[in-house]
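What follows is a set of structures for review.
What follows is a pair of complexes built around chain A, which joins chain B in one and chain C in the other.
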Partner chain A sequence: MKHGKYPLIITFLVPPLLLYGIFVISPYLQAFQISTTDWLGYSSSANFVGLENFATLLRDEYLWNAVKNNLILLILLPILTIALGLFFATMLNMGGRRGTAGVVGVRGSSVYRLVYFFPQVLSVVIIAYVWKEVYNPNNGLLNGALRALGLPTPTWLGDPRTAFWAVLAVMVWSNVGFYVVLFGAAMQSIPRDIYEAALLDGSSRWTTLTRVTIPLLWDTVQVAWIYLAIAALDGFILVQQMTDGGPNHSSDVIGLRMYNTAFGSETKFGYASAIGVVMFFLTLSVAVLALRAARRERIEY
Partner chain B sequence: MNRRDILRRTAAAGLLATPAAGLLTGCALGGGDEEDSGGETYVGTKTAENPLGVKEDAPLEVVIFNGGFGEEYAKAHEAMYKERYPKAEIKHSATQEINKTLQPRFVDGTPPDVVNNSGAGQIDFNGLVSQNALADLGELLDAPSLDVPGKTVRETLLPGAVDVGSYDGKFLVLNYTYTVYGIWYSTKLFADRGWEYPKTWDEHIALCREIKKAGIAPWTYAGKHPRYMSWPVLSTAVKLGGLDVAKAIDNLEPNAWKSEAMKAAADAWYQIVKDGFILEGSPGLDHIQSQTAWCQGKAAFISCGSWLESEQKNVTPPGFNMSVAPTPSLSSGDKLPFEAIRGTAGEPFMVPAKAKNRAGGLEYFRTMLSMKGAQDFTRKVSSLTVVANSTQGIELPFGLSSVVKALEASGANGFNWVYNNYYRKLERELVDAACGEFFSGRSTPAEFLDACQKGADQIAADSSIKKYRRA
Partner chain C sequence: MTTVDTSSPVGSAAPAASATDPRRKGDRAPRRELGLLNAFSHAFLVLWALLTTLPLLWVVIGSFKSDAEILSDPWGLPGALRFENWARAWTEARIGQYFFNSAVVVAGSLTLTMLLGAAAAYVFARFEFRGRQFLYYLFVGGMMFPVFLALVPLFFVVRDVGLFNTWTGLILVYAAYSLPFTVFFLTAFFRTLPTSVAEAGLIDGCGPFRLFFQVMLPMARPGLISVGIFNFLSQWNQFILPQVLMQGDESKWVLAQGLAALAISQGYQGDFSGLFAGLTLAMLPVLAVYVVFQRQIQAGLTAGHLK
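For the complex of A and B:
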């Protein structure tokens, strides 16, 4: 069988690598090339301008504003989503204390599991649309509830103080379901007897979570962290659909800046590619840092 | 071999694949600096019957923006073209994403012959013009009209239609519809309450007080697209200070946004913010949400263009009878009379410079601009075209007939500005953001004008944006 190994590997590897090269690596390289030109996108000619686009970028206050927002997302989106995801997954898988022994979820956990996963089956555009209506200051669900309770009713997406946070809340909402399932599946693979031992020792739910579950789930949490960090550097669709970066650029993100520079209010493809190149390095370094920072001793079980 | 080794070797293989992929680069930019050859391949002989020299069996490709007007009207125009050139094959397509669909085709030099460059996915005209991507339509203007005897196409158009599509004196963009921008109200609501549309600013403020007392919000606006409110502010200023106010803004003159007229207009409009005349929550509404609140009678006035009636067709209650009116006069010394209203050609159509069938594209425009083509359009989509007198004999819906009346009353006093065509980013992003702050009460009139001026100065200082002059 030994001699047949390499032809097999090559047959399976070459087509995907070829596709990857054409549709992923080549556009990246082209973006690098275009970022050094003043290409305006609708003719086949462009002038080489060296690093001028990157110099402009350093002085572009709108871009820095967008970078700031992405950095806030980078910190808050993973923390909130992972915390909520872990909490819900714990409750669904081991929150119940009905039986005298054994580890079970809270009552009705199968229903909850389904409900949490709902946002995952909706397209992002639909999520944006639904939430735009929820946040409608006059007829929206949210302000309707606040009004019934006699609380103040903000304009949410229409106010620079709240718009960004309103979008962040939707990002967390739409992501959390997936991580509930991810963490839940990982928890299922933790041997039950560890929990039973913890129970016998009289450990509380909180101690079980922090001392037993999370250390055993660390690999999964780490993966979640990277996914979410990459998602936080994007955020384009939700922002474009819900606020278009407004009001007064308060909810702008880098992706939207790039899109508007090329396809929106201008056709500066060269400059937009420069923004894309910066985003590429930002995402890459965040992924590497997340991997490094989350590295821990692996626990085998 | 364990898992990690496989991964490592795969990564190495990926690196080896990179140089190969590198050979593919340069695709997006096309073949480099090849000469612009024009690309026109279909040329016929010019005759009296065929003044543009259409090759009668040349195929014609038309791309339509599938927005508020749909695509049926275009199919009718195409049928009219086909009637005259039965041997021509017409390829029709409609999309909402003009920019993303057509950008690669512009780059590799195979654009369609006719493009309706409109909607949210519109390609910025500044970029297209500065890259010489558009064909000169001048020849079309001097060709005889298809069915108005004795007149050239130019002579059949409403005033201002050619100016809007001209860049440095070249007519490059045919704006097909005629749009009026004004303040809209429900004739029924006003008749029921005994209110009358105010002709002066003081009357407007007095009426706003009365409307508010009656438990209705006097105003609402599209908080997500607050630039809709820049239109009445600019209109008020232009009527006060004359057309030069608009020209200074169009030409990016220093401090054009801080002229006396603009200051007076911004101060005046600030009152509807300060006195709480705007429907609460408006800053959080988009255009459809605010227009719907207005149709439901929650607000009395709204600023919009004449597409409003068809946009709101499905939610407007019967008998609502929307009417358009000019902005109230600020003072008795206004340079333009109360009746003066902003009218401009809109809905841009273009023939790419590298179109294979350029003459066919121009001829297609001649078909659209025939009396028959224009009347068919107005009947189908309830909108005016730039063809003068083309509404005769057509029964118009209530709102549109109010538009026609307003245009007639405005006559030669009609005005317009074009900075939004020259510098899309200035209106769509910068003035837009400034209006959002101003009409939600977060900035003062002076701060509002500063923000607009700052935006205009940024555009003026940006050497990568081509500048145009309005004469």
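For the complex of A and C:
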């Protein structure tokens, strides 16, 4: 294999490296450099201002408001999604146990698995508009039902008290199906005899779930946690298309702050990049923390 | 959707434990309790199924309604199948044009992603050289960070190389941002392939390039399909990149941008049926393809997340 190894390595590696270097690595690196300037975009005058942007950022109450929302997402999105995902996956993969040995899913589980995954194949933009119409206060699906039941009809996305939670619900809605399938696939790979043994020992359904299934799924849950945490720090497209951060900044997120700072009415590229840099480290530390927190002795089977 | 009936003996396991089973009698009480629990949790399954399908179905039904029908009764059914709504969205809102544009861009970017990703992954998986570890982690590290962090400088990079508002620019950028996951996934996949076949090829005088294209790539087909599906969906559904890199020229927009524009103009004109029809046209083909290739698509999307 030694002979003629390098021609192949070079031809195979240089084109992807070039593409990746130009369009991915260099923008990330430039973001750091731009974040220390007062660059206003299209003009070429950019003065070095050191860490001034970061100092401004600390006093920016709109940004802090957005950070607060992202932190709420960071806590609630993974918890709700993983809990629902685990519940449905358990039902679909072993809910059909009828006192006899063997672990089977409930009837019709393949239909559920098909349907639950729908949001995953749709574009976030489609999801945003579908739900924007569902939440429409006058002719939306939701208020139509509430009105028929004689219940009060909130304005959902138009009310600062409910807008953020309405968006959070859509985030959970669009993610659960994916984790049902993911956890389901992981459950299927757990050997059957473990469950038969648990059943013979008289383990109840709940004990089996908490003492057998979840510990064996821990690796997958950990991966899910990291992905959902990263998704929670984003949430940009959904918020932008559904509420544009409003009303009254109640549903703002960091990504949207950054986008509007850079591509909004004033093109403060330096300041926007500073927000980007903070996000970069926030994402990095969340990922590392999630890995640390979820670390446990790995169970081999 | 099937029924919530859990006590029915038609299921798979029940008939096996027939009436002759002596323990059956003693089992009864806990079983009924279990049945109740089952019915309860089964109700949740049905509820979630409704929750996922109803909004989508509602939009599809709404695409046949007139604006008056949409405004007067959100739960009502359309008086007629008004396909003219679809026609209006397809031509006036140019959904058809944007569909075509998306197809062109994704065809280009997907080909490029797979070609470059497979080549890099093959090198990382099969060859030892200096800096291999570093380069691998450089690629894979890109998976962790959301695209929008690089958005501002990326805008200028693309503009400075003269690719702003071009499909070529979008194709290159899509491919670049798809590389981290593709390389990560395919490197792991190439590692699982047996080395003996490659060695046999080399002994038979197969050159290293031919070995890759005629032996290794065909062997890696399942992995290529999985990651290809993943990339297809994420590139087809891409919104943030075109929003920034394809700001000007309306005729070159991709589907997601067209929908965004449609939603904005709907806000001004109150053309609800037009928006519903546009959403339906964008959503149905993807869902149809998904229903047909359900197994492959679910496996493809979840594959990278399992150990």
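Methods note: the second predicted complex is superposed on the first by the 277 of 301 C-alpha atoms of A that agree within 3 Å, B and C clash if a C-alpha of one lies under 4 Å from a C-alpha of the other, contacts with A are read in each partner's own complex, and residues count from 1 in each chain.
Note that contacts are C-beta pairs under 8 Å (C-beta built on N, C-alpha and C of every residue); 3 or more make two chains touch, one makes a residue touch a chain.
None of the values given here were measured: they were computed from a predicted structure.
Enquirer: Is A:Ile25 contacted by the first partner chain B, the second partner chain C, both or neither?
Expert: A:Ile25: touches chain B and chain C.
Enquirer: In the superposed arrangement, which partner chain does A:Phe236 touch: chain B (first), chain C (second), both, or neither?
Expert: second
Enquirer: Per the contact definition in the header, classify A:Leu157: touching chain B only (first), chain C only (second), both, or neither.
Expert: first
Enquirer: Going by the contact rule set out at the top, does A:Asn138 touch chain B (first), chain C (second), both, or neither?
Expert: In the superposition, A:Asn138 contacts both chain B and chain C.
Enquirer: When the two structures are overlaid on chain A, which partner does A:Ala148 contact: first (chain B), second (chain C), both, or neither?
Expert: After superposition on chain A, A:Ala148 lies in contact with chain C alone.
Enquirer: Quick one: classify A:Val130 as touching chain B (first), chain C (second), both or neither.
Expert: second
Enquirer: Of the two partner chains, chain B (first) and chain C (second), which one does A:Ile34 touch, if any: first, second, both, or neither?
Expert: A:Ile34 contacts both chain B and chain C.
Enquirer: Does chain B (first) or chain C (second) touch A:Arg292, or do both, or does neither?
Expert: A:Arg292 contacts neither chain B nor chain C.
Enquirer: Would you check which partner chain A:Ser45 touches, where first means chain B only, second means chain C only, and both and neither mean what they say?
Expert: A:Ser45 sits against chain B, while chain C stays out of touch.
Enquirer: Hey, is it chain B or chain C that touches more of chain A?
Expert: Comparing chain B with chain C, the partner touching more chain A residues is C.
Enquirer: Show which residues of chain A both chain B and chain C reach, each in its own complex.
Expert: Shared contact residues on chain A: 13, 17, 20, 22, 25-27, 30, 34, 132, 138, 143, 263.
Enquirer: Would you pull the chain C residues touching chain A in the complex into a rising list?
Expert: 1-3, 6, 11-14, 16-17, 27, 30-31, 34, 37-38, 41-42, 44-45, 48-49, 51-56, 58-59, 62, 70-75, 116-117, 119-120, 122-123, 127, 129, 135, 138-139, 142, 144-146, 148-154, 156-158, 161, 172-173, 175-177, 179-180, 183, 202, 207-209, 212, 233, 236-237, 239-240, 244, 255-256, 259-260, 263, 272, 275-276, 279, 282-283, 286-287, 290-291, 294, 297-299, 301-302, 305-307
Enquirer: In the complex, go through chain A and note every residue touching chain C.
Expert: For this pair, the touching residues of chain A are 1, 4-9, 11-13, 15-17, 19-20, 22-28, 30-31, 34, 84, 87-88, 91-92, 95-100, 102, 104, 106-108, 111-126, 129-134, 138-141, 143-145, 148, 173, 176-178, 181-182, 185-186, 205, 219-220, 223-224, 227, 230, 233-234, 236-237, 241, 255, 258-259, 262-263, 269, 272-273, 276, 279-280, 283-284, 287.
Enquirer: Can you check the complex and tell me which residues of chain A touch chain B?
Expert: Touch residues, chain A against chain B: 13, 17-18, 20-22, 25-27, 29-30, 33-34, 37-46, 132, 135-138, 143, 153, 155-160, 243-244, 246-249, 260, 263-268, 271.
Enquirer: Contact residues on chain B for chain A in the complex?
Expert: Contact set of chain B toward chain A: 10, 13-14, 17-18, 20-22, 24-34, 36, 99-100, 103, 106-109, 121, 123-124, 126-128, 130-133, 223-224, 226, 279-286, 289, 293, 298, 424-425, 428-429, 432-434, 436-437, 440, 442, 464-465.
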